[in-house]
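First chain A sits with chain B, and in the next complex the same chain sits with chain C.
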Partner chain A sequence: MRRALANAVAPAAAILVLLVAWELGVRYGFLKPYQFPPVSRIARGFVELSTIGFPTGVSIWSHTLITVARVLQGYVAALALAIPLGLVIGAVPVLDKLTAPLVVFCRSVATLSLLPLVIVWFGAGELTKVFLIGYGCFWVMLSNVIAGVRYVDPMLLRAASTFSVKGLELFTRVILPAALPRIFAGARMALGVGFMVIVGAEMIGTIEGLGALIMEARTFYRSEITIIGMLIIGLIGFAITSGLGLLERYLLPWAANLDQVRR
Partner chain B sequence: MPDKSNVAQLRPRAVEAVVGGSSASRFIDIAGVEKSFAQRGGGAVSVLTNIDLTIAENEFVSLVGRSGCGKTTLLNIIAGLENATQGAVSIAGRPVTGPGQGQGVVFQQHALFPWLTARDNVAFGFRKAGLTKAQRREQAMDLLKLVGLEHAAARYPREMSGGMQQRVSIARALALDPQILLMDEPFGALDELTRIELQQELLRIWEARRKTVVFVTHSISEALTLSDRIVLLAPNPGRIKQVYEVDIPRPRTRTHPRFNALYEEIWSDLSS
Partner chain C sequence: MSTARRLASSNAALGIIGTLAAVALWEICARTGVIDPALFPSPSLAIREAAGRLTMDTVADNLMWSLMRVFSGFALGAIAGAAIGIAAGWYRGFGTIVRPIIELLRPIPPLAWIPLAIIWFGLGEPSKFFIIFLGAFFPVVTAAYQGMRSIDPVLLRAAQTMGLSGLPLLLRVAVPAAAPDLATGVRIGWGLSFGVLVAAELVAADRGLGYMIINERNTGGSVGVIIVGILLIGALNLLTDAALGLAIKRWIGRWHGA
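For the complex of A and B:
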């Protein structure tokens, strides 16, 4: 008990010492405040963001809401396309052979490198941002769905065949449930990609959203606001990933190694 | 525990199997079975050669032998999961062309569907029988009772020990109401105590349900405890080296003099 308490207190104390040292370092001129904004400054920045907003009129809440909405639009669209397509490609080995190089290639292209091209296609508006997120999520999701369907434990297929289960019944009763943990893992990874892409996608053509907030802050040397943007993106990612983990535990209570898969 | 009267009834059938003749004694007929695999870089590896074996109805036959002697391959051919390169297997006079001809299979491990509970894994076996879901579940519960697992009906495979999983596997195979139970080292991954327990369970089920069993094992004493006959396979290429009659009344104990004599005999044939 005492040990557990010490284990919790010690790291907290270490962080506190670091933050105080940081604060004092800035106050006594060893660190430049715009390079290493101290806690007090970050706190003041947060108050400013949640009251008058930055840029003026856009509060931290609307930045957050806009970013989450963009990510979810791209993410949901990507999943809605990738899941059925992946199931079909995975179920038909010839299709998998044909599409594998394309999937690997498209998945490997850094999504943000498409930004200039996508602006040419869709302009610098909402569609461009949602498209980029969707693109990043789609390929990650697609390759995981395909892999989930293709690499079902042969032991289970063999067991099913002893019951003369084949064709569509084999797919729905065995292959699909066996692929679900991998499909869930893909959904988690894709969401991570979505949040990675959004910051870059929001750096152009908008003043709203956490990516725009970070970029705008840079222009005005408001490093503490950049840090707040970072922290909030981290928190949202953490919350949504935990939520998906809980959902998976609820929907797939049978899945083993849940903690190994979750990241 | 099997009682003596049951044992006495079972013995003559097995003897008849060796003498041969009637159709019951040629229930499973393996004639001239060969199996070879194409090898990388040309040529073929012969896994099984010249397998001739008949197994009587309700007989319990074990296949023993070193790794690589083809005993699992032979079992898979009987199960219809693999094809013989040459020769044929028939069950009750019908040539085996695939699974689902009365063969129930129990694998070594990890063959339960992880997303189904014990009860639903067993109910999976009833799928073809045209029953309602409720009927399937009810019958699945009966089979779980038979293997002593009605209390674990709602558990997923990952929540069960290896021994419990194998009991469910046996119940699932029985759901097909198969004439033949094909078992591929079903207790090989279990600890000694669980293994002995399950051997006794299996004998009880075998006697209650009157199945023909083909049982692959590495363990000579397991084969001696269970079987009417033991078929020793030798590797390179896999072939039948020797067949032994296990003329020891059940329940068998390791201290029985015949048990030890046969053990010694099989062991020396295995290692020679």
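For the complex of A and C:
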């Protein structure tokens, strides 16, 4: 109990000392306030962002909502395509061998490098951003679904064949449950990728969304707003990873055991 | 062994067949006008356009710039990440101070640092270097720390019984034991660094492969060049990642079997 308290206090103290040193450093002129906006200025910036907004009229909440909506559109579309396709490719070994190099290559293509091409296709609007997110999520998801289905523990398959479980029943009762943790891990990775892509995609051709906010704030020398935007992006990222982790433990209680077996 | 090799070669053959089929399908669709060649030209047309508009020198120059950026940023990021992660896992006091700061910053994707990097370092090379550095740093530091924390204590106690302690214990037993986790982090870090590089070159650069393709689109050039550029970046990523994977395997193989 005492130990847990110490473990919580020490990190908090470390961060607090850092923030105070930062604030004092700016106040006594060791750090430039433009480059290192102190905490007090960030706090004032946050009030401005959530009431007046930056650019005026677009509050931090609508920036956040726009970004989240873009990510979700691309993400849901990618999952809807990748899961059925991955299940089919994973279940048919020949199909997997035929497509393996393509999947690996398409996954290696840096998603944001597609930006110039996609702008030629769809212009610099919403569709471009959603498409890029979709592309990034799709290949991560697809390769994980395929791997999940293909690399089911052979012991499970042999046990199933001992009980003469085969065909569709084998797929739905043994392979799918065994593959689900990997599929879920893929879904989690894909969301992370989508979130990363959106920040880059929003830096070009828009003034709405968190990526645009931090970039715009820089051009107007409002570094404190840039930092607020970054913190909110980080907060959403953190919420996504920890939220999905909790969801996984709740939905797939057998996943943790599988992880241990694999190690 | 020979069956395994035959199996592997049949897998490779099928892979080549599948890839060729996909490329052929793309070529046919573009030729017959199923997809508009002005928007998505056939591979042969794209290569011809690229060959006409770019000289080998331009491509090589941009390629070298990209590679140099990503190598330098990644190398320093990975080294710093490994050093700090290992130290945080080994020295309790250092860990309690450093870890909360890292955990606080880690969820922020490297690309979100671009504006702040420009504020701190200007539009030149240092800001790109910094972002690529971060792309490698965070995965490696987390993996190194986790690797250090999940070392089998029996291993350490056995080494202590044999008289090892302090720095030799850390370098000869603990670090090798944490190496597989560290390697995973390095691999992830490389992928991130590479993706970040392209994005940084799109947003703010005047050289490099990312710049080459965005410049082509901004000056209203040909889609073929953009496509060739994208494929080149993808191939580069794939090749370097495979090389890194191989190098890691050889390095770790010393302690953990190949």
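Rule of thumb we're sticking to: the second predicted complex is superposed on the first by the 256 of 263 C-alpha atoms of A that agree within 3 Å, B and C clash if a C-alpha of one lies under 4 Å from a C-alpha of the other, contacts with A are read in each partner's own complex, and residues count from 1 in each chain.
Keep this in mind: a contact is a pair of C-beta atoms (placed from the backbone, for glycine too) under 8 Å apart; a residue touches a chain by one contact, two chains touch by 3 or more.
Since this is a predicted model, take the numbers as computed values, not measurements.
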Quiz prompt | Partner chain in contact with A:I15 - chain B first, chain C second, else both or neither | solution = second
Exercise. Identify the partner contact of A:V120: answer first if only chain B is touched, second if only chain C is, both if each is, neither if none is.
Key: second
Practice problem: Mind telling me which of the two, chain B or chain C, contacts the most residues of chain A? | Solution: C
Quiz item: Of the two partner chains, chain B (first) and chain C (second), which one does A:L247 touch, if any: first, second, both, or neither?
Solution: neither
Quiz item: Now for A:A100: first (chain B), second (chain C), both, or neither, which partner does it touch?
Solution: second
Quiz item: Does the superposition put A:V174 against chain B (first), chain C (second), both, or neither?
Solution: first
Exercise. Would you check which partner chain A:L65 touches, where first means chain B only, second means chain C only, and both and neither mean what they say?
Key: neither
Exercise. Scan A:G200 for contacts with chain B and chain C and give back first, second, both or neither.
Key: second
Exercise. For A:A110, decide between first (touching chain B), second (touching chain C), both and neither.
Key: second
Quiz item: What is the contact status of A:V92 with respect to chain B (first) and chain C (second): first, second, both, or neither?
Solution: neither
Quiz item: Considering each complex separately, which residues of chain A are in contact with chain B in the first and with chain C in the second?
Solution: none
Practice problem: Give every residue of chain A touching chain B within the complex, in rising order. | Solution: 153, 155-156, 158-159, 161-165, 169, 173-174, 177-178, 180, 252-256
Quiz item: Which residues, counting only chain A, touch chain C once they are in their complex?
Solution: 7, 10-12, 14-15, 18, 34-35, 94, 97-102, 104-106, 108-117, 119-121, 195-196, 199-200, 203-204, 210-211, 214-215, 217-218, 223, 226-227, 229-231, 233-235, 237-238, 241
Practice problem: Would you pull the chain C residues touching chain A in the complex into a rising list? | Solution: 10-11, 14-19, 21-22, 39-40, 96-97, 99-101, 104-116, 118-120, 194-195, 197-199, 202-203, 209-210, 213-214, 216-217, 223, 226-227, 229-231, 233-235, 237-238, 241
Quiz item: What residues of chain B sit close enough to touch chain A in their complex?
Solution: 79, 81, 98-100, 103-105, 107, 110-117, 124-125, 127-128, 156-158, 173, 176
